[in-house]
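Handing you this structure, nothing more for now.
Naming follows writing order (A, B, C and D), and every chain is counted from residue 1.
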Amino acid sequence: MKIAINTGGGDAPGLNAAIRAATLAALRKGWEVVGIKNGYGSLYTDSPFIPLTPEKVRGITLQGGTILGTANRGNPFEMPYQKNDGSWDLEDRSDEAIKVFHDHGIDALIALGGDGSMKIAHKLIEKGLKIVGIPKTIDNDIWGCDITLGFDSAVTTATEAIDKLTTTAESHQRIMVVEVMGRYAGWIALHSGLSASADVILIPEVEYNFDSIVKKIEEREKRGRHYTIIVVAEGAIEKGEDRFIKGKVVGQAEQLGGADEHIAKKLSDMTGKESRSIVLGHLQRGGTPSSYDRLISLRFGAAAIRAIEENDMNKLIVMLDNKIQRIPISDVADKIKLVPLDGDTLQTARDIGINLGD
Amino acid sequence: MKIAINTGGGDAPGLNAAIRAATLAALRKGWEVVGIKNGYGSLYTDSPFIPLTPEKVRGITLQGGTILGTANRGNPFEMPYQKNDGSWDLEDRSDEAIKVFHDHGIDALIALGGDGSMKIAHKLIEKGLKIVGIPKTIDNDIWGCDITLGFDSAVTTATEAIDKLTTTAESHQRIMVVEVMGRYAGWIALHSGLSASADVILIPEVEYNFDSIVKKIEEREKRGRHYTIIVVAEGAIEKGEDRFIKGKVVGQAEQLGGADEHIAKKLSDMTGKESRSIVLGHLQRGGTPSSYDRLISLRFGAAAIRAIEENDMNKLIVMLDNKIQRIPISDVADKIKLVPLDGDTLQTARDIGINLGD
Amino acid sequence: MKIAINTGGGDAPGLNAAIRAATLAALRKGWEVVGIKNGYGSLYTDSPFIPLTPEKVRGITLQGGTILGTANRGNPFEMPYQKNDGSWDLEDRSDEAIKVFHDHGIDALIALGGDGSMKIAHKLIEKGLKIVGIPKTIDNDIWGCDITLGFDSAVTTATEAIDKLTTTAESHQRIMVVEVMGRYAGWIALHSGLSASADVILIPEVEYNFDSIVKKIEEREKRGRHYTIIVVAEGAIEKGEDRFIKGKVVGQAEQLGGADEHIAKKLSDMTGKESRSIVLGHLQRGGTPSSYDRLISLRFGAAAIRAIEENDMNKLIVMLDNKIQRIPISDVADKIKLVPLDGDTLQTARDIGINLGD
Amino acid sequence: MKIAINTGGGDAPGLNAAIRAATLAALRKGWEVVGIKNGYGSLYTDSPFIPLTPEKVRGITLQGGTILGTANRGNPFEMPYQKNDGSWDLEDRSDEAIKVFHDHGIDALIALGGDGSMKIAHKLIEKGLKIVGIPKTIDNDIWGCDITLGFDSAVTTATEAIDKLTTTAESHQRIMVVEVMGRYAGWIALHSGLSASADVILIPEVEYNFDSIVKKIEEREKRGRHYTIIVVAEGAIEKGEDRFIKGKVVGQAEQLGGADEHIAKKLSDMTGKESRSIVLGHLQRGGTPSSYDRLISLRFGAAAIRAIEENDMNKLIVMLDNKIQRIPISDVADKIKLVPLDGDTLQTARDIGINLGD
């Protein structure tokens, strides 16, 4: 038995723990394990694979990033190529990819990735590849599972950052706007905002308006709280913004960026208070994983090997109802898990008086 | 409506977040909230209660310990008293406790506690008190729930400590024995041991023998790993130890302590290698809660208020199947949640080659 | 004896430890202690002072920010006032300030602050106020001392952030530009860049050019290091930039900002590599002080009281040659401490191959 | 030019940063660098050296321990050997050691170590070896320098541990005794005790008596502080203990251990309060170095290469008066740096009301 491991998309704390567990568990069964170097894009190069040995995965559980790299990631179904006239286009090179796996005797692939990676995995499965997926994204927005690899670490980093910003905001009596990751879903903003006692939390699932926020700031002033901490997901939407057409996000990626500064400036104008903003950005991706992330990553990695051993292919290993389970990858492709508007966590925020901008 | 909050037993990171959320959520409904000062033992003093206000619970989410204190904890059904001959005995003063609640107009009690606290709560309920419980223990051994308040922080502290001890153990080529909490259940040892890449994990649920551990150490030596990290729960049991009689723990508390030194010495004798040991002890109870613990504690606190509002009394607020749920307190009293021998986490440890002493 | 404490300018980790030590040391001598609420600007309000008691300073050593606040800071010699035509101008209200101190029976003032605060202190001294200064700034650029209160914590925060960014930069094979504080002096950039193994460090003291940096990036590529970490102080200057006229900084504050994005974009254009940038900003001001900062802050606070007791006024308490010493405040006003170009730390960076952009 | 690096004695955070800086700085001069594997004891084996390359020292700045290992450390002047009758004795094998260096063409040795290592270095120098020393010990007790490599990290670890223990001690109203390292000197206890707001600090330099401590506890009780944090250096001495004869420590190592439990029990008996104790032990040696330690370690490593280049041999690279300086190794052998009784830091402790047991 020979298996390959791929880490697709942006990196997340915990990837290395999953690689380590899958590698060790497979080697103990006498299997061979290789990693895809830097993502699917390398399949079209001379040396797409790195042999994974006990020595190679030693001590990596507490390292951020991925030892496999993720710089040359690509979608085998949409690989860029240069046309005769010099312009670029995309072509389907998935058959080649399948052939590379076949030529190297790969029996199964473990695909660590998010939404995009699972879409690709789904299409590779349809072409005959045997895949077991592991849900990885700091955004926690993969359908069908409680939690994804990387999310707890990102929340921890964001929480600690907001803790730091709170003392300085209070000393200076400022409005502090902290932008965290979350294009479509507000998980990081909601969890870190609650944990760090933010006063306002703005998430894509709840359209915000400035009047509501200003009212919150003014209430706080009356109670002698001359500072306000606002946590905003990068994809948060002001009421009336025209970002959605018929339920589909339109051009959001292009529109993102600068939300923190926009909000800080507008609130300063409306309240007369000083404001500052900060974008936590890539900080949330990096660093030593939390112990929680290390553990679920190890469990995901080992569970993937068990699924392959039982020939239960084309499944995503998930934590669902607090148990490791397997669900069809086809079930999660093209879906996204938003913060439920009637969920307990959002309700908790409302119960304790956090403003959601609505 | 007037409610009281009690924090019983040992402190745990997250208690203050739960107190804060319950207080804020209740105050926003126009209720009155008081905390029991230092535990049930204070009910028999002149001043058992502390009024809880927004100012009192401000900024406490990130503080360890409990602002209510837990120094005078006691069991109303077994309060110590001094007899005429000067010796001490226990007496049932539960009726007095009920009366104190009644006299102060307390409509409901939120009891944060572990196994012991839930037993007491169950008996107070039978006497007519209305109680909503919140599961608190760093040991994570409360029946009927995925996870308890305080556990994630304790695992985080233990994991970081083992990380630190690993580099020094490796530099000195030593056996390092790290004792963590867990009298009856090995949750902290298993989770922190996995997260911190321990080589051997000894938990109460799996009896260990030294030959197995020595074999692991010798295998490591052969592969050039001249050090070994052993994480042991304080309640771990050597095979053949006579600590259980007919399935019941006998005198364990008395027998505990010094396990780390015993194991370190014996392994040093058996292998000829240098060994060191350390007891993490109260470090695991203290400090700023992890963001995970802050969040579930806030959710527990707010959910308790919702239960009271709906008059759904005598329930324990739990995280079960990754959802906030309510189960009868009577269901959990006198039970304990052990690490399941066929569970996925223990299997993960075996899959990646961790020695469990068996 | 009655003393007042002022925290001027931006907050820094350690302020509260200094306030605590000064308060406790003074109270033990039977003195009275008050803090100026939010800075000198409050001297012109009805309630400029907060009484400082053991209860008030309890447990604050590990809190970031300043319990006194610094929101209404102002320069008594240049207080803004509104003219009849509605426009604003500045006026000298220093005599009023002196009178407030006199009317409240303040015998001496402890002024915690940076460059600007020491200039003000110097002028207040000339008007007869008795002042002892404590050097506070995360930038570490106060003349005449080894280190300032807040610097070690800022370096620690920046170092940990760069650690986090390194794993993600490496996984994605990116250029990562990290902007840290330091308008005039590159202390934070140099110390955190060295500690976190940055590849390029750009500081105001050394003008940089892009060709040098690109050469470094290309050398790294050749050695298989497909990522590069660049730490840039906000005041770093590209060779040829016209920011200095006759040795004086001109309009630098206005020109600052966006340096990180500019550098990231330009390097991406020049090398064809992906780049990302991040501004650490206020993160560096906040949070629990490092143990080093807690200790020197306590020592500064206690030493200030000893200076007052000995009537050795108008001195700045400094750590100089690793000893607590006192130097005239007049010696440091209008000066700034830059990173010495022939110093050992900069030489260390060169010795181990870090590119300084020159 | 060919140089060797040795890490002697117990490991300390920062060793790897010093190894990295020395290696990179030497390689950039075209020199050859090797490390002694596991200490001088390996000189008598077939393979005493590890070649040090850029790849070998990559990314090690933030790793605890020493990549060279320190398990086989030994004193070439007192190497153990087994006599004919089976018993063990010591013999001088220093000439062999010198020959090994000579045979391998080692021009100079960088010796990272503490008191003991410098004694050995001094004697090797007398035999003709060229040595540059770097002061390494978490205890900070090397004569002639402000601070040693490893100390700041140990203080940081101890401070964070005491922070954690404080919240639980306060919640339970307990006396908490925390034993930190420091056999002869109380630096860690004094610095971490101050930083973490301990109430009592016991160091070897100040003999303590229980009556003084009990008085402090009782004063605290009166002021409503029902808990007390006591930080004790492992070498702290009760007044009247017979551990010194004519100024020389006698058998201290044997007498050490258990001080924390002894103190906790005795104070509990004397005050009637609950007490707990904890020994931080090897935690203080381990883990990622603080940014301060990383920086001075890098500076020490680079400075050692500069000293060798200038042929300024047999010197210890020190931080003295906050500057990197060189002092003769012969000056520090057989000396120890105690906490000065009239120093500013000890005075700060007294000024703010910390009890020193006297």
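Here is the rule we go by: a contact is a pair of C-beta atoms (placed from the backbone, for glycine too) under 8 Å apart; a residue touches a chain by one contact, two chains touch by 3 or more.
Only a predicted model underlies this, so the values are computations on that prediction, with no experimental measurement involved.
Undergrad: Can you list every chain in contact with both chain A and chain B?
TA: A chain counts here if it touches both chain A and chain B, and no chain qualifies.
Undergrad: Suppose you hop from chain B to any chain it touches, then on again the same way; how many hops at least until you reach chain C?
TA: Minimum step count, chain B to chain C: 2.
Undergrad: Let me spell it out: compute each chain's centre from its C-alpha atoms, then which one is farthest from chain B's centre?
TA: C
Undergrad: Please compute the C-alpha centroid of chain A, do the same for chain D, then give the distance between them in whole Å.
TA: One centre to the other, that is 43 Å.
Undergrad: Compute the distance, rounded to whole Å, between the mean C-alpha positions of chain B and chain D.
TA: 35
Undergrad: What whole-number Å value describes the gap between the mean CA coordinates of chain C and chain D?
TA: 31
Undergrad: Could you tell me which residues belong to chain B and also touch two or more other chains?
TA: In chain B, residues 160, 163 touch at least two other chains, as defined above.
Undergrad: What's the contact topology between the chains, one of line, ring, star, complete, other?
TA: ring
Undergrad: Go ahead and list every pair of chains that touch.
TA: Pairs of chains that touch one another: A-B, A-C, B-D, C-D.
Undergrad: Chain D touches which residues of chain C in the complex?
TA: 20-21, 24-25, 28, 54, 59, 61-62, 146-147, 152, 155-156, 159-160, 163, 191-192, 194-197, 223, 290-292, 294-295, 298-299, 302-303, 305-306, 319-324, 344-345, 347-348, 351-353
Undergrad: Spell out the residues on chain B that touch chain D in their complex, using ranges where they run on.
TA: 10-11, 38, 63-66, 69-71, 157, 160-161, 163-174, 176, 226, 274, 276, 278-279, 281-283, 285-287
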